[in-house]
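Going in written order, the chains are labelled A, B and C, and every chain counts its residues from 1.
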Amino acid sequence: MLLQHLANGLLISGIYALVAVGFTLIFGVLGVINFAHGEFYMLGAFIIFFFAGQMGVSYYWSIPLSILASLMVGILVERTSIRPLLEKSFESMVICTFAVSMILMNGTLLIWGAEPRIIQSPLSAPVSLLEIAFTYQRLLVLVVAIAISIALHLFLQRTKPGKAIRAAAQNKEACQAVGIDIAQISRLTFGLGIGLCGLAGALVAPVYSVFPTMGQIAMFKIFAIVILGGLGNVKGALLAALILGLGESLIAGYVSATLKDGLAFLVMLFILLLRPEGIFGKAVRTL
Amino acid sequence: MKNRNLLYLSILALFGVLPLVGLSSYTLHLLIMIGIFLILSQSFNLMIGYVGLLSLATSAFFGVGAYISALLSLHFNTSFPLCFLAAGFGSALVAACVGIPFLRLSKHSFVVGTLAFLLICDLVSRNWTSVTRGPMGLPGIPSPRFHIPGLPAIAVTSKVSHYYFILILVCLVLFFFVKLIDSRLGRAFRSIRDDEVLAKSMGVHTSKYKWLAFTISSFMAGIAGSYYAHYILFVDPLIFDLYYLEVTLITVIVGGAGTIWGVVAGAFIFTILPEFLRLAGGLRLVIYGFILLLSIHLIPDGIGGIINNRLKRRRLVKA
Amino acid sequence: MNLLDVQGLMKKYYGLVAVDRVSLSIGNGELVGLIGPNGSGKTTLFDCITKLTEPNGGRVIFGERDITGERPHTIALAGLVRTFQQARIFPRMTLVENLLLAAQQHQLPYEWSNLWDRSGVKRSQADLLTRAKELLEWVGLTPLREEQGGNLSYGQRKLLAMVMALMPNPKLLLLDEPTAAVNPVMIEKIKEMIRELNRQGQTFFIIEHNMGVIMDLCTRVIVLDHGEKIAEGPPVEIQTNPRVIEAYFGV
């Protein structure tokens, strides 16, 4: 039983991690609080619903298509809305992403309606591993989420662009001094963040249903995660995602399924009141 | 200076006689809603436009005020004036408590924190069913009633009486706002907005003043919420919906953060606009999103800001 | 007793020592200069004294008061006022408002009695306004009185910043490069202002790169290099001090 809950928790943690790390990287490198982040996750889910559910494209092909489409929307948003404001005030940027989130969410609502949609994945067959009940889809999500998290970690630690991203998050001026193109790194980071959201949405779509406000609901959890882990702290975000995911799963399993969302709420409340900079320290950017 | 006061008085007189001309119930309702959103927007304006803090918790205090007022009148039969003040001071008290840890945060964490506070209020109002009755809400809130000694009791029940009530309230709020901005306190606030480090070097205790602004702002939002509850006669968790925050945001940003009359204009525009557009809910918010997006890029100072610049240029030319 | 006593002040940034156990004193009425090559820690020293940066060690005593543990606003209220290299002023407030703000916090503290004793508040406000107008007149900025700070030219901003620092009648004025990036006519004007104020008893501690200004104005000069105080004395001595020459020309 415990293993089952832990496995479910790991799955949720994986999804949370994909979205939260993207959000954290975007904040760390661009200094932007991307209020539209949840909407890109939602978009990933809807695009795959569009391709696999409505257009009849195979699910396997739909995943990369979905990521690509999310990236295209992301590039559009970055080019038109975010780039021109990067030199302006932080508040302007926040309002900008807020506006983008309004447009994306209400636009999706308008096009597809509020009814939750379901996608049939070819991987919905159940499978049992070590006495844990999965479906192949859930297994896929779990494996991909863990794999991507590890790959992301290696990318940030070992590769040149990854290290450049970390450097940019710490000290932009120093980066420019050593010849790193900040603009390029910013675009890369934004794309990475959006891509991770799109992937998460595409993976999760067949497991849970798809509806326009799913992005906002996800952002509630993401906020709890970044508040817990400390804004701008990637390792903190990963750890916090793990804590929240496992915590929710255990609560759902041993206490009550309806109360699991309360964990994020409690985390937010306590951290904000007692240690608002998060368990793992200060935001990368200070006043 | 005298001309300005004359202008204000004539506008006030205009609004004063408007209902006598014979307005439809629906138009009166629109004007009343404009008044409510106006107060809520000025509350947000105080934070972002005059202290420079993006507090997304403004609409949370709107809801907190509404619930406090509703609960007091429903459970304890408290008179409206007391409910009203309790809503204001109650919101201010919550803000005072929550503000202490929040205002120590970097401005980024502050934004996330205030939004989280809004989401928490939403969650609490939905789930604390013993008090708030959850999604079922609190119906049957009594209309405002005043007992001024010596006069017959005043019951604000008709649309026209509500209109006059909110008109008086808006005038009081705007008057207070103008006085605040020009006072020492207002200057201290604006110095924080302009350059916080410099303000500190000039002897301004910035954290204390930010906290004060947060508290005053939430008082305003709280009384707006209280009146809203006693006008709509019903409160439910939807009062914490992002919708109110979105309308407040667009009113202040497009109207002009840091200007008083720009925000007033914004309140008119964004309450009346949907009536002209007569669009299905979904498209309206998409359009608002685009307006907000365009506005923050092209006219970051808002309509009020543009008008201020024009007026300044004209003054310079004259000189 | 000295007006300002700095004892062993230290500031480190991850292993880089920006201010290395600096000790100095400023006496009442003095006009002391602070010089040193770029990056020698002069502005950081000011930041540490005024607490805009938290020092890692040392003490700062102002008059009879140990201000080491205090916050920037209380230090300013104690009479230790500074200006910034970049001539910082409040861009969205008018010149008059800038000046009022500079002194208002030093006025009657906010008390509940202020709510009804309006006459007391009105009087002090009126006094401040008079003083603000006088100062603006002194630097020739009166016609721009109602203009927003952000619309001023750089030179005008420098003047405004200077009179803002003067508004609260500071006991000690820390000026950070008052003549930087300013045309020669303005330099002379600022020099004359400082000279006149010092004649009237205002104490100054000035960071400068312009040697002419230092030579003409200061009675004593302190030299920093790599965060360390390497010399102190009258300007003529400093000019010929071999250590100072080495610091500037890196021989």
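Convention: a residue touches a chain if its C-beta (ideal position, glycine included) is under 8 Å from a C-beta of that chain, and two chains touch if they have at least 3 such contacts.
Bear in mind that the values here come from a model prediction, so they are computed numbers and not experimental data.
Participant: Looking at A-B and B-C, which pair shares more C-beta contacts?
Facilitator: More contacting C-beta pairs are found at A-B.
Participant: Farthest from subunit A in C-alpha centre terms, which chain would that be?
Facilitator: The chain lying farthest from subunit A is C.
Participant: Average the C-alpha coordinates of each chain, average all protein C-alpha coordinates together, and give the chain whose average is closest to the overall one.
Facilitator: B
Participant: Can you work out the whole-Å distance between the CA centroids of subunit A and subunit C?
Facilitator: Measuring from centre to centre gives 48 Å for this pair.
Participant: Quick one: subunit A and subunit B, Cα centre-to-centre, how many Å?
Facilitator: 33
Participant: If you average the Cα atoms of subunit B and of subunit C to get two centres, how far apart are those centres in Å?
Facilitator: Distance between chain centres: 41 Å.
Participant: Taking the touch rule as given, give the residues of subunit B at its contact with subunit C in the complex, in rising order.
Facilitator: 184-185, 187-188, 190-191, 193-195, 197-206, 258, 312, 319
Participant: Quick check: in the complex, which residue numbers of subunit C touch subunit B?
Facilitator: Against subunit B, the touching part of subunit C is residues 50, 52, 71-74, 76-77, 81-82, 84, 88-93, 97, 100-102, 104-107, 110, 125, 143, 148-149, 164, 168.
Participant: Where on subunit A does subunit B make contact in their complex?
Facilitator: Touch residues, subunit A against subunit B: 27, 31, 33, 81, 84-85, 88, 90-92, 94-96, 98-103, 106-107, 109-110, 216, 220, 223-224, 226-227, 231-232, 261-262, 265, 268-269, 272-274, 276-277, 282-283, 285-287.
Participant: Provide the residue numbers of subunit B that touch subunit A in the complex, in ascending order.
Facilitator: Counting only subunit B, the residues touching subunit A are 48, 52, 54, 98, 101-102, 104-109, 111-113, 115-117, 119-120, 123, 127, 196, 242, 246, 249, 253, 280, 282-283, 285-286, 288-290, 292-293, 296-297, 300.
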